Every structure is written in C-alpha cells, then in structure tokens.
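In the two complexes that follow, subunit A is the common piece, with subunit B as its partner first and subunit C second.
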Partner chain A sequence: MTKYIVKRVLLSLVTLWLLVTIVFLMSWALPSDPARAILGPFADEKLVEDFRETFGLNDGFLEQYFRLLKGLVTFDFGLSYGTKKPVWDVLAPTLWRTAKLATLAMIITTPISIFAGLVAAKFRDRRLDRGIVLTGLATSSIPEFVTGTLLAVVFGVKLGWFKAVAIIPEGTPPLEQLNYLFLPAMALAIVYFGYIARMMRAGTIQAMDSDYTRTAAMKGLSSSQVMRKHVLRNALAPTITVMSVQIGYLVSGIVGVEVVFNYPGFSQALLIAVKQKDLPVLQVAVIISALVYMVATLTADLIIAWLNPRIRLEMGN
Partner chain B sequence: MELDDVNSETAIEPAMQSSSMMIDATPNVLEQSLAERKQARKERWRLLRRRPGFLIGAIIVIFWAFCAAFAEKIVPYNPFDDRDKRHMPPSSDHWFGTDQTGRDVFSRVLTGARDILLVAPIAAILAVIMGTLLGMIMGYFRGWTDNILSRFVEAFLALPVVLVGLYVLTLASQSDMLQTISFNSRNILVIYVVAVLFTPIVARTVRAAVQGERDLDYVVSARLRGESSMFIMTREIFPNVTGPIIVELTVRIGYAIFTVATLSFLGVGIQPPSPDWGLAISDERAVLAAGIWWPVTFNALAIITLVVAVNLIADSIQAVYQK
Partner chain C sequence: MEHMDTEGEGLAVSPLQGSLSRRTLVKRAAVAGLAVPMVGSFIASCGSDDETSTTGGSETTAAGGSETTAAGGSETTAGSGATGGTIKVGTFKPAGPLDPIAQADLGTYNVVSQCFECLLGPEGDGVGPALATEWTANEDSTEWTFKLREGVKWHDGSDFTADDVVATFERIVAVGDSIGGSISAGATTAVDPLTVKVVMNGPNASFPYLVSLFNPQTAITPAAYEAGTTLDGSPNGTGPWKLESYDPNSGAKFVRNDAWWGGATPLDAVEMIFFTDQASENTAQSSGATDVIQSFAVVGGDALLADANQNIVDVQAATHREVWFGCDEGNFTDVKVRQAMALSINRDEIVETLFSGKASVANDHVIFDLYPFHDPDAVEQRAQDIEAAKALLAEAGFADGLSTTLNAVDLGEVPQLAELIQSMAKEAGFDITLNVESTDTFYGTQWCVTYPCAGSAEFGIVDYGHRPVPDVYLLKAFKGGGDWNSSQYASADLDAAIVEYQSSAEEDARKVASGKIQTIMWNDVPAMIPYRYNGLAAYSKAFTGVQFTALGHTIVSAASQA
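Coming up: the complex of A and B.
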C-alpha cells in the first residue's frame, strides 16, 4: 500500500509539472505585450518600460519559467498587474469563501444523490427509476449559471424565500449565513445530483447482479445486511471516483454560480482579472484549480484502494 | 452480440482484399459481411427511433437548427433594432417582452440559436477528429509513446475548461500575433480553445476502445500479413471503434454547448451584439431584482431546452450502441 501511495504521488507530481509547463507555454504560444495592452497604445514608452521591469517581463523565457515553478513551493507568484499586490494575496481570501460554498453544495448533494441512486437501482426500470434517471440527465446537462439564474428568479425574487444576492454582511451568525448561501449551493447541488446519482445507480445494479451478492442472500443474510455489507461497499467505489472528479469540476462550475449571486469568491477575482487583463492572476487561478482537481482524484483513488482489499493488495505488488 | 459478429466479419474483408490467392468464395463472404454490417446499422436506427427520449430530443434540436438557419424569415421584429419601449413585459405585441434597449426578446431568442449552434458543434467535431487521431496512436503503439502522451492527456484533463477558457481568451484578445492573421472573429477563437481542451477527453475514450481491439485476431493477422501500422489503424481498427467515437461526439456536443454558453455568460465567449443566450442572461440579470424576469427567463429556457435535447439524443445513442 505504501508503495502504491508513493507511486501515485510521484506520478501526480509529474502531471503537475507538465500542467504548469503547458499553462506557461500558452502565454508564449500566444505572444502578447501586456504592458501595451494595459497601458494603452498612447502610453509613454518610459511608463511601458517601467511596467515591464516591475513585472519581470523583460526576463528571458527560462527565468520566467523557473520563477513560476518556484512559486509553486513558495506561493510567491509575483505581482498582479491590476492591483500591484502579490497574486497570492489577491486570490487567497476569495478561495476560502469559494471553499465554503463548495463544501455546502457537496454536503447537500451527496446524501440526496446517493439515496436517489440506491432507490433507482432498487426499482430498476420502473417508473420511479426512469424519473430519477431522467431528472439527473436533465439537471446535470444544464449549465450551472442557468440553474442558478432560475433559482434566483423563482425562490429569490418571486417567492422571496431566500436571498438572491449572496453578499453576506459582516458579522452575520453562521446559521443566518445559510440564508444567503442556500440558493447558490442548491444551484451546484442540482447539477452534481445527476452525475452522482447515475453512478450510484449503475454501481448498485452491478453489485446487486453479482455472484457474491447472490451467495450472501442464499446463505441467509437479511436483505439489509446484504445491502450494507455487500452491495453498498462495492457500489461506492465508482461513486467516489465520480464525486472526486466533480469536486474538480466544481471549481469551474462555481464560477458561473458565484457571478449569478454576486458571491465574493474566487470568480469575482477572476472576472476583475479578465477585465484588467491581469494574466498572472488568471494563470495562478488555473493552476490552483487544477491542483484541487488532482488532489481530489488522488484522494479518491487512495480511498478506493483502501476500501477494496483486492485493489489494495494488487497495487502493492 | 450483433456487434461482435460484425466485428469478426469485417476482419475478413481487408484480409481477403490483400490476399493474392483469390478463392471463389471471396465475393460471397465480402458481400455477406457488408450486408450484415448494413443490417446492424438498420437495426440500431430502428432501436433509436423507438426511444421516446431520442425523438423528443431530435424534434427540439431540429426546431433550434431551423431557427438558426432561417431566423430572419420567421422573427416578427429585427432582433438588433432598438426601440423606445424598454423592458416591456410580455404582451401580444412582444410575446417575450422587450429588453434593456427595447429589442424584441422573442426575435432575439430565436436568432440566438445561430452562434452557439455553429460554434459548439464545430468545436466538438474538431475535438473528436484530433482526439481520435491521438487516441488511436496511444492505444495502438502503447509502450513509451503511450506513456508520455498519457501524462500530457492527464495534465490537460486536470485543467478546468472554463478557467483555461478565461485565461486563453483573455491572453488571445491582446495577442499581436492573432490580430495580424485576421483573427478578428472571436467565434473562431472560441472554437479552437474549446476543441483543444476537449481533445484529451476524446483521446482517452478512443485509446481505451483501441486497446480493446488491438490484440484481437484480425489485428494480429493483419500484422502477420505485414501490413503497415498506418493501414492497420485506419483500415482495420478504425471501422471497429466508430461506435464509441459516435457516442463521444454526441456527448461532446452537449458539453461544448454547456461550455460555450458559460464562456459567453462570463463575457469572454460569443460577443455582443450577438443575440446569444448566455450573453443575454449576463446582460439582463442585474434587473432581475426589480422584477424584470422575462429577458433572463426566456433565454434560460432556450439554453435548457437545447442542452437537455442534445443530452437526450446522446444518451439514447449510447444506450443503443451498448446493447
């Protein structure tokens, strides 16, 4: 198991290095002159030169590349073009708020989706199953910002049950914060419901049809015991994989939702960066979210290996 | 079951063609295998037509494609004309009301299908072509080629599409290089970005499908016959992995619509004055709180009907191919 973990972590580091290199190369493949783009075509040549000097744009290819790689360890990614503050200081506070929203969405969607998947598998090919599968297909194919917008229209504006704008005033007690966070979290939860429920359904059906489940039932275990000890345990593996991938996509999907509800998270920093052509902030944002995806999938793989002794032993060799 | 039969039959077909000793039975075997393949195709089409999800999805997609093609001929107003009557609620004159500059929302929603139905499918098709090439090479050669390419694919898969879209489109909009090669059309840029970001996902699927084929007897015999790798990949393996590729294409079109709509909503995708749906939602959502719900809601419904329809089709095709 240790060997497996070490191997996976090392491979992830290689992937991370490649990914950072790809992102870095993108800015060289599309050569641009940020100083001119930001200061305008009529700016004084002296100003432009100062800008390039401040942000290290006069440095060579390798110098800039190694500076970015070093930043991954030191969290020093240089200065943001727009705010002139360190990139990490611009992004860090917003990341925390985004993590809060993402966690709430996962807490809402996980139990509901797993339960719905189990129910669908149990009533396979009946009307209830069809309903759950179709709902999942529909909700997961609609972009998050559309779901969020409709939730805001119906529950925020028309019915007024929750806040349609998720700007939380300073000093709001945690429970009252839910009032602001509920609709954006629901928008995300609805989209991820489909993916998780479908995978849980498929995993459960596969486990229910297997020989070991039949054996367990025939040796006289009660159906709840069969479900708990044999079916659930095996059905969870693919579900965990899908959930980890969804956590990765959550970072992307959350951008649209945050914008809809004016939530001051990650995406607000991103949209400002787009307007100001603040490439360092965007670059680091891409790398951070890729990192989140990689950590999530790696964790999922390890959990699955730990859950399943067969994989655990196989991978050790 | 049927698919397996078809696979083993088609294996004979090229083998016979290249054999120097033609025996009398050859034309019959050939004809038989072709006929069986046609039969399988017919059977799949029959199964597809019987699925309500496919029919509903197809009707909706055809409706939007029709709007995209003939919008000028059917809309009641010019979708780009500003009028004095701003933010008028839905009425018999303006079925979906008017927007912030008094444009007719109904006309704009119908015309709004155009850009996204061009950009998203073209991006998906490009991604499937590039991904198929890459996936075939990875699956066929294995070893070091596959190992190295797989690392790249994995790195790309970790990149969140929307964020990279924001980054690259911002980068490209100020790049001198792109401006000089007459790259003023933003849509082409969006197509390229989405296509490149989707390519590794397609490659992974195709790679898996090719790996399932490459050790089967028909491939081994082609190799023993001394056929080139190129020939084996294009003429032997490719015809047998078209199923997963077609499924991947329909699924990718759905995701491409999803992605392009999101990028447009965030302001880096399709640009004004296009009546694009994502763009319209982004422009009009500020007035939601004032109770002006119609511009946002009708555009949102347009996106929903299109993506759900495409996904219903993709889902049905997947189900039929997996039977």
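Coming up: the complex of A and C.
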C-alpha cells in the first residue's frame, strides 16, 4: 500500500510539473500585455514599464520559467500583479470560502443521494425508482447557476427564508454563516444529487446481481447483512470515484454559483486572474486546483481499497 | 415603487459663474421645496459670508426633500432620520488598481470618489462647489481661476492647498491626459495658497465640467503623490470617508472622516460590496443584502422597479446611440436620403419597446435636452413621416427604394434597435440587411478602422456613454477630421459653431451657439440619434439622502437612516 501511495505521489509531481509548464507556455503565448491589462488603458507608459521591470516581465523566457519553478519548490509564489499582495494571501481566503461551501454542499447531497440510489436500486423498475431516476436526471441537467438563481429568487427574495446572496459579514458565527451558504450549497447539492444517486443506483444493482451477493443470500445471511457487507461496500466504489471528481470540480468549477450568489470564492478568483492576466495568481490557482483533484482521487482510491479487500490486494501487487 | 422625478429648478449653480449668494440660494432652495433653516445652517456650516458666499455643494444639504434627477447626477436631500449606522452599497467590482489618475471604470470611480474629491462636484443640472468654491474665466475662457475652499484637511491631518491642485494637474498632463486636451505642462500655477490659475490651450468654457466629479481622473491628490500610487496603497484623501479596508475581490469599508469640510456625515460607515454580475447585484438589493445599488438596467430590473421597498432614482444621462451615415461615399451622400431615413423611424415606439419608456426621444443632434444650454426652439422634434420619407427618397433618385447594410455593435439593446430600424424603414423603401458584430471586432472593422476615423461602413450604430457636456461628441464624432467621425462628415458651418460654443463664456451666448449646432446637425443628419437614456439606481427606503451620478458614483455623505 505504501509503495502504491509513493508511486501515486511521484506521478502527481510529474503531472504538476507538466501542468505548470503548460500554464506557463499558455500565459507566455497570450497576446496582451499583463502590465497594460492590470494598469488600464490610461496608465502612463513609464508606470507600465516600471511594472514590467518590477515583476520581471522583461526577462527572457527561460529566466521567467525557472523563476516560476523555483518559486513553487520554495513555496515563494511571488506577488499578485493586480493586488501586489503575496499570491497565497490573495488565494487563501478564497480557498477557505470555497472549502466551506463545497463541504456544506457535500454534507447535504451525499447521504441523500446515496440513500436515494439505494432505494431506487431496491425498488428497481418500480414507480419509486423511476421517480428518483427522473428527478436525478432533471436536477443534474439544469446548470447550477440556473438552479441557484431560482433558489435565490424564491427562497431568498420572495420568501426570505435564507440569504439570497452569500455576502457574509465579518465576525459572523459559524452557525449563522449556514444561513448565507445554504442556498448556494443547495444549488450545488441539487445538481450533484442526480450524478451521485444514479451512480449509487447502478453500483447497487450491479452488486445485487452479482454471484457473491446471491451466494451470500443462499448461505443464509439476513437481507440487511447482505446489503451492508456485500452490496454496499461494492456499490460505493464507483460512487466514491464520482464524488472525488466532483470535489475537484467544486473547488475550481463553480464560478456560476459563486457569481450568482456573489460569493468571492476560489473559482471567481481564478476567473478574475484569467481576465486580468494576473499570471502569478493564475499559475498557483491552477496548481491548487490540480492538487485538489489529485488528493481527492487518491483519497477516493484509498477509501475504496479500505472498503474492498480485493482492491487492496491489487494495490499491494 | 417610488419614482422621484421632481425638478429642483434653478438650484444648480452655473458652471460659468461659480458663485451664488446666500439670499439667492435660500430663495431657490425654497422654490425647490427644501427647508430654509436647514439650508441656512448648512451655509453657516460652510463658513460662508452673507451675500457673497458660495454654496458648499448641494449633496450635503437639505431636509427630507424630494430627490431630483439631474444632468448626470441625482440630487438628493439630506437625511433627517437617525444618525449612525452603516450603509451597504452594491457596486461593480473595480476593474483595476485604485489609481485616481488611471481609473477607467465605474467600479473604481465609485470607490475612489468616497475618499478623493475633485475641484467641483455634481449639483442640480450641472456642477457645483467641492474643493473649489468659486471659479471664474477671463473674457474668452482661455484662463480659469479657482478659489479653493479654506480649512480643508487631508485624511492625514495636513492642509489642502493650491500646491496639491498644481501637482495633480501636472501629473495628469505628464501621463498624457491633459484634461481632455485643455491644458499643457506648466499651465497650472498657484497664485496663493488658496487660488489656482489654469491657462487653457484654447478657449474652453467647459473647463469647470472637466475638473468636476464627471471627469473622475481629475480627483485631487496630495502634492507628494506619485503617478501610480493607489488609494489602498496610500489612503489619504479629503473626502467624507476614510478607507478602512479594501479587498479587490469582495469589497471596501470606509469610516467617517470627522474632519471633512462638509461636516460630520450622519452615517458612521460605508460598506461597499463588489459584484461581477448585474443579476446578482439586483438580487442582493431586492433581498436587502445591500441598501444601495449603484446602477441597474430596465431589462432584468423588473423586480427592483416593482419593489415597494426601494426608492428608484432615474439618473439623467446623455448616454445614447449614434446611427451614422457615411457622408463621403455610398448610398447616404445625398442629405435627402439621410433625412428620409431619419423620418422613417418612430422614436416613441423605439423608446417604449427598448426601455419601457425609460428613455428620452432625441432629435438627431447631441445638444440633448438635459444640457442647460440646449435650445428647445432651435429645431422641431423630428417625428415619423413615411410619406415625406418616400418623397425625399424619390427626389434623391431612389424612387424604387434603396438597399443597404446596417452594421451594429452587439452591445446592450443595440441589436434590437437595429431590428426596429430595419422594420420601420422598410415602409419608406429602405431594404436593410443587418450585420451585428461583437465588440471585439466591430470598432476596428465597421466603425473606425484607423484614427482619425477612416474606413467606416456607410451605415452603422455605435454606442456613446454619458458626458456632462457634449464637447467630446462634437469634437470627436462630428467635427471635420475627428477621431471618431465615422460619418466622415465635414461642415465648415458646424466647425465654426463648435468654436463659437466652446468660447462662449456667457450662458446666453452658449445657448445661441448650441442652437446653431442643433440646427446644422438636424438639417444635415450626419447621424441619426433616436434617443438618450437615463441610468437607473435604487436604494432602500430604510435610508434617505443617497445621491447618484450617471458615471456610477454613489454619494452617501448626506445619507442617513430613514
């Protein structure tokens, strides 16, 4: 198992290096001048030139590339072009905010989706199953920013049950913050309900139809024992894989929800960095995003291995 | 919903005079429905003398009066409600650093203007005193003298003096702006610590507007400021609010400047919340997450417009669309064809369709009715007349109709305007094909390929934002050889009228020159200008005394809880 983890980590490092290089090449190839983009059309040319000097934009290709690599190795990410603050200071609060939102969304959607998937599988091809499947299809086919807008208008503006925008005042106690985060989290949870529930249903049906489940039932195990020990453990594997991918998406791909609820999260920071050609922020944000994906998938694999001895054995080999 | 459209007639100070006696102010304030004692006490608070004193800016005055719309700035009256508290202002996210000189977007204007002030501020239909209390020009408006307000302090406690103004204007010239081409290096001198003299490059009666809040890049910064310094890097203005914190992603916080020359603000603090999405900003305002929304559009703003908890403010503006005709070659060289097109559209219907009536019909010239020097009697309002349009087309040799392509920028309601023109003009005999292009390509391929403007399409629609005076429109879009003259229009008469307008120091003379411009443009129709439209802003009825400008400024120095 340790060998497996080390191998995955090393592979991840290679992937990260490739990613950093691709992002650097893309940013280098961008036609516009970051200094002019940041300072605006009316800024004095001397100021623009000073900016280029300060941030080393006049340096050669290799010099800039190795400076980036050195910064990543030494955890010195440099300064944001836009704010002139350390990149980590710019991104850390947004990452924290997004982590809170993503966690809440997963807390809401995971148990409901898994339970719905199980129920659908148990009552396969009956009305309840069709209802759950159709609901899942409907919710996952509507973009989250559309769902978010509807939730904000109905439950935020019209009914006033929750905060329509996620502008959390400083010093708001954690429990009270739930009121601000509930609607954006629901917008995400509703979409992911469809994915996770359908995956859980498919996994459960496959497990229920398998020989080992039939054998378990024939040897006299109770229905709940069969479900818990044989069906659930096996059915969870594809669901966990899907969820790990969703976690990565929840960090960097939910710009729609963040915009609708005006939540200054990580996805918005990434978008702004792209718009402003704030390359230091963009590069680090992309790396963080990739790291989250990697950690999430590795964690998912480890959980699956923990649940399933056969996979654990395969990993060992 | 509550619209506040009442006119504060005559309260504005003429930008060409720059002084108003206490007696006159009180009299005019009474006409406008303001409480005289409040106005009187305000004048006293400004430390002005009787009879010869000047106003201190209407944005700080008043008592529970109704708001007025104004040219580019909504005038509102002071909160008579409870003091203290914080107001939350929803605003566009600043697009760049908070650099007073290089600022170029509405979000940055709104943040920077809370701390930094210009020589003049908004007042009624025009501009009024801010850091300058009086301003006078010599006879031909080639030299302007500004008397600065006494006792103004920077946030760090140091004195505001003429040296700060000189240094600011020199910095502006040094970065290549030159205040709309008005001045050159060395043009600004300090006569004494509270008097500044500015020598123009040529006659310019509009200069007070160019050093007002409506030209935000002229915000006065300390003499020691260097170009490129940002507000958050060096938070030291003269304005009513001090910057306490700034996060470019989420918002800014301001606290009261107790030493402000306008007196203590009723509210303790301002919290600005940044938005990147208009719909989200509207939702925040509807739900009470913000108290003020900097601006919103009719399209998508229905909920706010129908919200009984909001004060809706129409901010009068000169924002308009120019439907240009190529006057040098192609189908529109004959003025009769241009007039025929102008007669073929129904402007009232266009305004109703595109703006639900929240725009004003315009008359094919840029001296809009909101400008104080607009001459309402110069030309009649052009109305749809299909028969007359057909006759003009026939006279021009197009009895069987005319085919052309209308090129429109894909921005706001412009594509819909193009469709309306296409359908309305068909009846008069125009067969129009539409070509709508994105903002990325339109300006460089259809509008002006090179500068001064050349290579334009023969027929197109382009957007123009608000300007407190029409000088930019006239000089850039209609003067012969202008940078943005996509019509390739050249008229010695118009050029002469523009010079006359710019050098007219007296308002009456300026009105006469404006009338000439209106007439020439109306007759020659180098461009069709169907409407101008207002900005919309809103604030919660829990507050009073909030003021807006068409450039997106939210002025809350007089705001209080209702």
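As a working rule, the second predicted complex is superposed on the first by the 288 of 317 C-alpha atoms of A that agree within 3 Å, B and C clash if a C-alpha of one lies under 4 Å from a C-alpha of the other, contacts with A are read in each partner's own complex, and residues count from 1 in each chain.
Rule of thumb we're sticking to: a contact is a pair of C-beta atoms (placed from the backbone, for glycine too) under 8 Å apart; a residue touches a chain by one contact, two chains touch by 3 or more.
What you see is a predicted model, and the numbers here were worked out from it, not measured in a lab.
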Partner chain(s) touched by A:Ile272 [first = subunit B, second = subunit C, both, neither]: second
Subunit B versus subunit C as contact partner of A:Pro174, first or second or both or neither: neither
Partner chain in contact with A:Val259 - subunit B first, subunit C second, else both or neither: both
First, second, both or neither for A:Gly220, with subunit B first and subunit C second: neither
Touched partner set for A:Val157, first subunit B, second subunit C, both or neither: both
Which partner, subunit B or subunit C, touches more subunit A residues: B
Shared subunit A contacts, counted only where both subunit B and subunit C touch the same residue: 149, 152-153, 156-157, 164-165, 259-260
Contact set on subunit A toward subunit C in their complex: 38-47, 50, 82-84, 90, 93-94, 149, 152-153, 156-157, 160, 163-165, 167, 259-262, 264, 268-269, 272, 276
Residues of subunit A touching subunit B in the complex: 14-16, 18-19, 22-23, 26-27, 30-34, 37, 134, 137-138, 141-146, 149-150, 152-153, 156-158, 164-165, 248-249, 251-253, 255-256, 259-260, 270-271, 273-274, 277, 279, 282-283, 285-286, 289-290, 293-294, 297
Of all residues in subunit C, those that touch subunit A in their complex: 95-97, 99, 101-105, 174-177, 217, 227-228, 233, 247-250, 273-277, 279-281, 283-284, 286-287, 289-290, 303
Subunit B - residues contacting subunit A, complex: 53, 151-152, 154-156, 158-164, 166-168, 170-178, 254, 258, 261-262, 265-268, 278, 281-282, 285, 288-289, 291, 293, 296-297, 300, 303-304, 307-308, 310-312, 315
